[in-house]
Amino acid sequence: MIASLLNAIRTPDSHAGRRLWIVVATLILLTLVAAVLDTLPDLPDWAVGALRAFEVFVVVCFTAEYFLRIIAAERKTSYIFSFFGLVDLLAILPFYLGLAFDLRGLRGLRLLRLFTVLKLSRYREAVDRLSRAIRSIRAELTVFGFLALLVLYLCGICIYYLEHPVQPDQFRSALDGFWFALTTLTTVGYGDLYPVTALGRLFVGVIMVVGLGIVAVPTALIASALTRRPSGPQE
Amino acid sequence: MIASLLNAIRTPDSHAGRRLWIVVATLILLTLVAAVLDTLPDLPDWAVGALRAFEVFVVVCFTAEYFLRIIAAERKTSYIFSFFGLVDLLAILPFYLGLAFDLRGLRGLRLLRLFTVLKLSRYREAVDRLSRAIRSIRAELTVFGFLALLVLYLCGICIYYLEHPVQPDQFRSALDGFWFALTTLTTVGYGDLYPVTALGRLFVGVIMVVGLGIVAVPTALIASALTRRPSGPQE
Amino acid sequence: MIASLLNAIRTPDSHAGRRLWIVVATLILLTLVAAVLDTLPDLPDWAVGALRAFEVFVVVCFTAEYFLRIIAAERKTSYIFSFFGLVDLLAILPFYLGLAFDLRGLRGLRLLRLFTVLKLSRYREAVDRLSRAIRSIRAELTVFGFLALLVLYLCGICIYYLEHPVQPDQFRSALDGFWFALTTLTTVGYGDLYPVTALGRLFVGVIMVVGLGIVAVPTALIASALTRRPSGPQE
Amino acid sequence: MIASLLNAIRTPDSHAGRRLWIVVATLILLTLVAAVLDTLPDLPDWAVGALRAFEVFVVVCFTAEYFLRIIAAERKTSYIFSFFGLVDLLAILPFYLGLAFDLRGLRGLRLLRLFTVLKLSRYREAVDRLSRAIRSIRAELTVFGFLALLVLYLCGICIYYLEHPVQPDQFRSALDGFWFALTTLTTVGYGDLYPVTALGRLFVGVIMVVGLGIVAVPTALIASALTRRPSGPQE
């Protein structure tokens, strides 16, 4: 049975390899669901116990898989220190170090394994097209990000100086100003902070219009990049 | 009269067929208005009575239409089990099962009938263009949706662990985290939940910028798909 | 002096015509500022008096202009019943009917006169390009608006039935549901209303993703229409 | 040493010039961090002292740099009255005028110096492409901005008259209406102000749909301009 598992690991495109991938992916999805259930308040004891048992079961499975992958790998060290090798290790290690509870967030790393689905040829092409389009406007996006950071900084500092005297408990420092600037420039606008002074509102009004640009320009850049270089192989 | 109605049902493009469509559509629109009036609080008794009477009238009309459609259909069973056949049945059945009150939401199904307006040639072409453009970027949208789901999951879990200790009543479980992540990534930002810790705000700041991408990339994808394949028949 | 004014009215492109336009536009802008000042609470008496005097002055000016335009027009009735003729009349009539206070909102009509700036050739071309692009996707926008209305209706009704039992004071009727649906689908999200039930949040989560589409698709449609038909005279 | 500094200033593209740029940029970034730390409440005395000392140090550095730049400049007055010359002066002058505390906001001007990074050839091209695309739709953007201002004005005045009678403390004057209109049209939606009357909500609903256009049209304009004129030198 171990031999056939090793075989499945070595040939991810084979029938056995795909079946293994589906088993692993299902385990990961169950793990993600368990991580959510874990956060529910007032869980009955049996549920906590079941979640613990499931976690032990999953860790055992992934530990077995980890060692099988090391055995299956031709160059052991290159797997161990590869991106997915480290992800696999970090996702099980805390459990053995008795840190399972405090570092259980690391279990979330397992979902990175799901990214291997993007290696399917159909999606790989789509990823390629998207990333090629975005690479072609790297310089524009960098300039734009630089300007956006400057606007964010200026807006955060200014709104602090404009609103702090009137709302000292809301705008306690420039950090609150930055948080406000971010929620405004991205047009999220929670409403936990907002200007109340006439000058503050005037200033934020200008910043909002800039925020429209911060939404509009990258959208436009990506759209034009995708339109100009639509096809994969011709290039 | 039944013969002419059957005729109108059988030939939806004829003058009689169109007139029937207009009558049915008007009834549906009145039904939609009645459904809204139904929710108004403190309705006087006469209004409740009138709404009940109207509902009975409409159900009788649609029941008659349902049977006429079965009679008019050449292949009875294929109509009964067709999408619009099931919609027609579900929209009237609750009334006869004495469930009219509890399942009156199913009346909403009637508005699906309005979609038949999209079969008009002028609009059918527009729908075709739009759906062809969206189909041509199916793989990209799938990859993008997959990434968005992963970001949503990670963001929901992380914000729960970051904010739960400080706001246990706001972020009660990871489900609240997911709700917050959704309102942020879509840039809606109701403000019922928001981070108050420095780390939480820093994290959400990063997520907001990702949220901009989640608004920008599909817009850009659809725009470029529409630009590249603008014309209908040539393809 | 009246003769030269008549001349200026008759030849809007001449030097005198432009100067008249600037005088009228300045008066309108002052009127708009006065309308804002009018709403300020606790105005001192002298300011209220000054605003009243200014309003009388403006009405006299626009009345004079109105009669001059009738005199200047070759075909009197075609001016009186033209769009701008009616606008001019409606903007001064309430004052003479002693309704100045209650209908002072009609003064806002004066700003429609500012639209004549769009007749300048440079901007007329831009307006033409934009409106031609939007006309070319009229069918798509109609279909899209139709779908958006259906989604809005369904969302408003559903959220009412999902949230009314828990928040009867927030979601009093389906009208509140429609208001909530609008703020969500446009991604504005004031936060005056939001779902608190698990089912309501799940439902709104789906609606938010639809809302992204409602922002993305028209943007994409206009972008592609502008890209495909960039030039004016060739068509 | 002064000679080599002068040399570095005169030849910004040389090795020495770049090293000087990095030193200056690092100083500016530290200054920006210090400006944020400055706003933190309840700073211990030693931290306030350290920030003061750092500010003195930075001002001395920038003063030295300012005089070196004057010395290095061939035409002294053209540097002094150039944009960056005035920025350099305004960023240090308040300190010497004993206004350091009240005008410390002017220190923020230093970050304008960071914009010189955009002169790097790679980014200059990207800036050129972006600004050329935006210039090519100047007329459209002007028309659009004009319409947006009119909508903003009308919306602000109308919402004031619709909501003031019911919420006199929220909508105190048309200025509050303008603020509300801005947060709505940009889809930020803090939720500090929102309509509660049926008529107000209906009106704002229409305005929200217009707001979608205000987000969509400039995005679409920029996207189409970038798509149509993607290349730099050919033009």
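So that you can tell them apart, the chains are marked A, B, C and D in the order they are listed, and the count of residues begins at 1 in each.
To be clear about the criterion, a contact is a pair of C-beta atoms (placed from the backbone, for glycine too) under 8 Å apart; a residue touches a chain by one contact, two chains touch by 3 or more.
Bear in mind the structure is a predicted one, so any value in this text is a computation, not a measurement.
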Inset, instruction - Mind listing the chains that sit against chain A and also against chain C? - result: B, D
Legend entry - chain C against chain B, contact positions shared by both copies (same if over half, else different): different
Legend entry - Inter-chain centre distance, chain B versus chain D - centres from mean C-alpha coordinates, in Å: 42
Inset, instruction - Could you give the separation in Å between the centres of chain C and chain D, each centre being the mean of its C-alpha atoms? - result: 30
Legend entry - Residues of chain C engaged with two or more neighbouring chains: 175, 187-191, 215, 219-220, 223-224, 227
Legend entry - Touch list for chain B against partner chain C, complex: 32, 35-36, 38-41, 105, 108, 111, 114-115, 117-118, 122-123, 125-127, 129-130, 175, 178-179, 182-183, 186-192, 214-215, 218-220, 222-227, 230
Inset, instruction - Name, in rising order, each residue of chain C that touches chain A in their complex. - result: 187, 189-191, 219-220, 223, 227
Legend entry - chain C-touching residues of chain D, taken from the complex the two chains share: 139-140, 142-144, 146, 150, 153-154, 157-158, 160-161, 164, 172-175, 177-178, 184, 187-191, 194, 196, 198, 201, 205, 208-209, 211-213, 215-217, 219-221, 223-224, 227-228
